[in-house]
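What follows is subunit A paired twice: with subunit B in the first complex and subunit C in the second.
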Partner chain A sequence: MKEGLRQSMAWVHTWSGLLVCWLLLLVFMGGTAAYYKHEITFWMKPELHKAADAPSRVSPAESATLAVRELQQRAPKANAWFLDLPHERNPLIYASWTNPPKKGMTREERRAAFRTQNFTLDPMTGEKTAAPRDTRGGEFLYRLHFDLYYMSAIWGRWIVGIASMFMLVAIVSGVITHKRIFKDFFTFRPKKGQRSWLDAHNATAVLALPFHLMITYTGIVTLMFMYMPAPTKALYGSEQNTMFSEVFPNAERVKPAREFAPLADVAPMLLQAERAWGAAPSRVVVTNPNDANARIELHRPAGQQLSNIEPTMTFDGATGAQLSGPKPMSTSLDARAAIYGLHVAHFADPLLRALFFVCGLAGTAMVATGALLWGVKERQKYAKAIANGGKVGFGVRLVDALNIGAIAGLPIAFAAYFWANRLLPVEMAGRSNAEANWFFIAWGLAALLAQIRPTRAMWRIQLTVGAAMLAGIPALNAFTTDTHLGVTLFGGPGLRPVAAFDLVVLALGLLLGWAAWWLGRKARKQAAAKQPTSTHTTPLEAT
Partner chain B sequence: MSILILSGTALAFSGFAATSITMDRHYADIHGRGAEPSPATRLRLRTLGWIGLALSFMACIGASGWHIGPVLWCGILSLAAWSVTLLLQYHPRKVMHGAWIGLPAALLTTALLLR
Partner chain C sequence: MTTLTWRYRGGVAARTLAAIGGGYVLTSIASALIAIALPLPRADAVSIATLLSFVVYTGIILWVFATSSALRAWIGVVASSAVLGAVLWLTGRMA
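== the complex of A and B ==
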């Protein structure tokens, strides 16, 4: 039989999607959460909530002065200082520094010196806030979505990169193989079995197609120097770093003069930048502080352009004079920065960020419905065997089990991570790693149980557990902190992220609970319709 | 300019709603099995639908500029299309009534853009 383009593309779509779908679910969920990584980190550090409650009355220039004063006492001889000043998504002053390596240090000691040390200031008082608990917060979820975990980042990035390329293939082949893309544009027919799953897959995929294409393609571009090293190799040989310093507009790195010079006042520089940009800088980097070759770099806050490389202003730290700053970017670098910027969406205001989040959830739903669809279709081949009390094939069983472990199991893992953040002892050693371990303990357990009994009852149990754990987070927060919904909903704007986090996980928990209830209702209906049958071999089929 | 974004969203909804009504399946959902729109109705609604989508694009550009506006528009289009899809399934007649919101939204958008 001669196969048309559509049929062969259907094959490509099915297998490129199925092979990587469970990993893609992790990447999609992690990446979607990462749109709120600052808010998640803030929620996970309840010690900082109190300081953020009052609205900041201190100007950015004053904040920077406060932080510099504190850094002068704690780390006058640091390599570099980094200040994140209060702005829309960050209610506090975050300051950190790296120490210079000394002669005769071992490699380990050098690495330790480079590790940043930090503190947080209350912008109201200029006082140091309570030390937050040791957690990686949203950063863990962000890293997880392209570095994975328990392996070197390079391996993780290759694995995620290959999965992304499969995803890109799946998207393009999916569009080609979808015969009725325009006729079925607005179609969703529930309670029609396989038809409904296909409609749901199409609706989540087609109606957010610009997002899915964009996010997959730009995701690959963010790591293009790793995935496509040939051009750099051809032009620069082994001197990759030369390429980076030539291409990227880093302010020229100056060596310390090893000659003391008092650091100029940063406040006038911030005011100058604010006048030029119409927005106060959100980040200040001081290299070689208190040295004759000190440099102060101010970064414009995101929100005015797609590009993730924001304009900077550079000042001589000893004289306070403005320097010419980094060289202008080439057009191709500008294009890359815009593509990169689209992926990370630093520019997004609250509304646009919410749209990115919803589209990310739609992407998760697209992958999930696609994975379920394979099982639903494949199961039909066994319809006769099942009717005669037989079993489904190994492939269907495996896919069912993986689907349960990923679709129902991953929300449990995310919830476990947040529960661990509140329940592990605050003073515990290696706390941030323990939190991450709980993510994988919960996920591993869910995936294992799914492999042992991939039944419809297992779907219901895991969806219910995930629902209870997510929806229970606001209650958990109320029992373990002073900033529960009763306080955060009526508190200052600084506490809004805490309230929003509680409400969003509650909503996601209710969604999972609804899915569990829907499955249970179906099971009861079927049991009533054809007694007596064994229900435990019936998996997530359509209604 | 959140009013502009709001009216842009209404326009996207209205544009998709008008387009969906011209499709046989959805027309039948609303007007009963077997009903088909006349060619004139089809053309009129389709034209109005495209005008709605184009105006919603302009509203997004007006609200967020040429850099971020198109990104915002894509997100709003997805949101509008999902709303139309769900509404067509559960309350098909509301799609027809809801499409009228495009009229005041178009006037508001034009007024805000020309201001």
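== the complex of A and C ==
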């Protein structure tokens, strides 16, 4: 590190990237999938597909009225009701509620109870749909990408936050190292070993550089008050909650008056909001229903602004009068919300969302090619030893094995999660947890096998398995549901997410299959070239 | 194969510690000062200072590895922490 700036930055880039790259692959893949978490959840609940086939015939105001009528019967004394009304990315009416917590309930128990407190209405008929299977759907992948799993969320968030900081350092130092950032973007020298991996790493990194930098920084920002509490300490002392209520004015909650008051009709409120916004509200939150202090909050649908805090309209639930609601945010508070909003991309229309998804895949490819590059470079130091039939060092072997387990193993884990969704018995107890467990069983197995034999054959096996499992999902869907591609491609717009899911996993499967085929061809070529001179092959050839 | 000297390894370890630990402390002090110095309502000041802190932290980490020796890196981090920490302490006393 005594050399020039570029050399020392190259060192920082290599090591800050390498140390966290396998975790980052999980975060990138999970986060990329999370752009479509609603669509994934919908695919994973095939019981709802039929109801979504026909376009909604019930207006948003009627939808809300129907849902409120049902909630009045099932949960009149709830803490809060949540209604998601049909709009672009949601074909159905979803209703859920939270009850006042019973004494001695753990957080886990409350969450489990919450997962049972919901129903779905068919917007075509207003009838309740078939109860969907117990699954966490896309929410599991979304949570996984910052909470991790099998540990408390707070641990997961610190681990992912530290890894993200490594990533931020790796990106900035990578840019400093990169002398010819513009020229290199147009450079690709295929079939040249290390050079090709370097070019591929540069291309995927530079192509979507603004995205990588943005997504890493904004990711840290989503939890910034936890990661960097010093400014809060300086201005608020120990009153952290005061800071939260000032920075997040929407989060204010009214206490119940414990005095009965019938809930006002929601339909006129929805019509009023629709007139004001030019779009019907997508979400209705009723706090303290049937209480004198009831509040009804209407949320404008996402898609018209960067900020993740959507404008709301608040009504008094007892009198039906409109309240002033939270005061407009200052510029810097709005800026923070917009930076947060950039990360979650609720604003994105279908095309922009697809672009974000592709950028996420490019980020995954950047991390993967970077990890591979390290192995390829490091192996050159052992070139002589390998030629003499020796072995590569422990570090190279470990990185090779981790690369296989993460790059080829993670797609298997994602596929296993979707297969479990279709193959586990529908009535099984603890089904949603079992689905998540299958994600980790599959990943653990792939990672373990990779540690035992980190060879090129293992790359091919795992890539092939991942390819077959992903590309096989449309067929699996056809065998286990009535909404296969033959139906979804020609059905109503509500079924488009199901068709798109099938097609995207098929495409990703084919991509992995191509990678497996390419590796196989390379191996055959090398074997043919080696035949006359050498009789034995080394177990750990360059991948 | 190049073998790494213990001197080199120690240097790397010292810099890593200075970057991650020292950098975090210095960033905390600096961003607290920024929050106090900004002539804005405190909700805005705390937001801007916290948003900036990760940029500051990145800069410090890179400087620690770019500077010519591990000793310089430590002196830089400790000295600026001490100076800014003293300013922070004084502003706390005056308030």
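Note that in this section the second predicted complex is superposed on the first by the 511 of 543 C-alpha atoms of A that agree within 3 Å, B and C clash if a C-alpha of one lies under 4 Å from a C-alpha of the other, contacts with A are read in each partner's own complex, and residues count from 1 in each chain.
The rule we apply is simple: a contact is a pair of C-beta atoms (placed from the backbone, for glycine too) under 8 Å apart; a residue touches a chain by one contact, two chains touch by 3 or more.
These numbers come from a predicted model, not from an experiment.
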{"item": "Subunit A as common anchor, with subunit B and subunit C clashing or fitting", "value": "fit"}
{"item": "A:210 touches, of subunit B and subunit C: first, second, both or neither?", "value": "first"}
{"item": "First, second, both or neither for A:125, with subunit B first and subunit C second", "value": "neither"}
{"item": "Partner chain(s) touched by A:172 [first = subunit B, second = subunit C, both, neither]", "value": "second"}
{"item": "Subunit B versus subunit C as contact partner of A:117, first or second or both or neither", "value": "neither"}
{"item": "Included angle at subunit A between vectors to subunit C and subunit B, based on C-alpha centres and rounded to the nearest 10 degrees", "value": "80"}
{"item": "Partner with the higher number of touched subunit A residues, subunit C or subunit B", "value": "C"}
{"item": "Touching partner for A:9 - first (subunit B), second (subunit C), both, neither", "value": "second"}
{"item": "Which superposed partner A:433 touches (first subunit B, second subunit C, both, neither)", "value": "neither"}
{"item": "Contacts of A:306 with subunit B and subunit C, given as first, second, both or neither", "value": "first"}
{"item": "Superposition-derived minimum Cα distance between subunit C and subunit B (Å)", "value": "20"}
{"item": "Contact residues common to both interfaces of subunit A (with subunit B and with subunit C)", "value": "none"}
{"item": "In the complex, subunit A residues that touch subunit C", "value": "1-2, 5, 8-9, 11-12, 165, 168-169, 172-173, 176, 217, 220-221, 224-225, 227-228, 230-236, 243, 246-247, 330-333, 335-336, 339, 381-382"}
{"item": "Residues of subunit A touching subunit B in the complex", "value": "183, 185-190, 203, 207-208, 210-211, 214, 304-306, 342, 347-348, 351-352, 355-356, 358-359, 362"}
{"item": "Subunit A contact footprint on subunit C (complex, rising order)", "value": "1-2, 11-12, 15, 27-29, 31-36, 40-51, 53-54, 57-58, 61-62, 65-66, 68-69, 88"}
{"item": "Parts of subunit B lying in touch with subunit A, wherever the complex brings them together", "value": "2, 5, 16, 20, 23, 25-26, 64, 67-68, 71-72, 74-79, 81-82, 84-86, 88-89"}
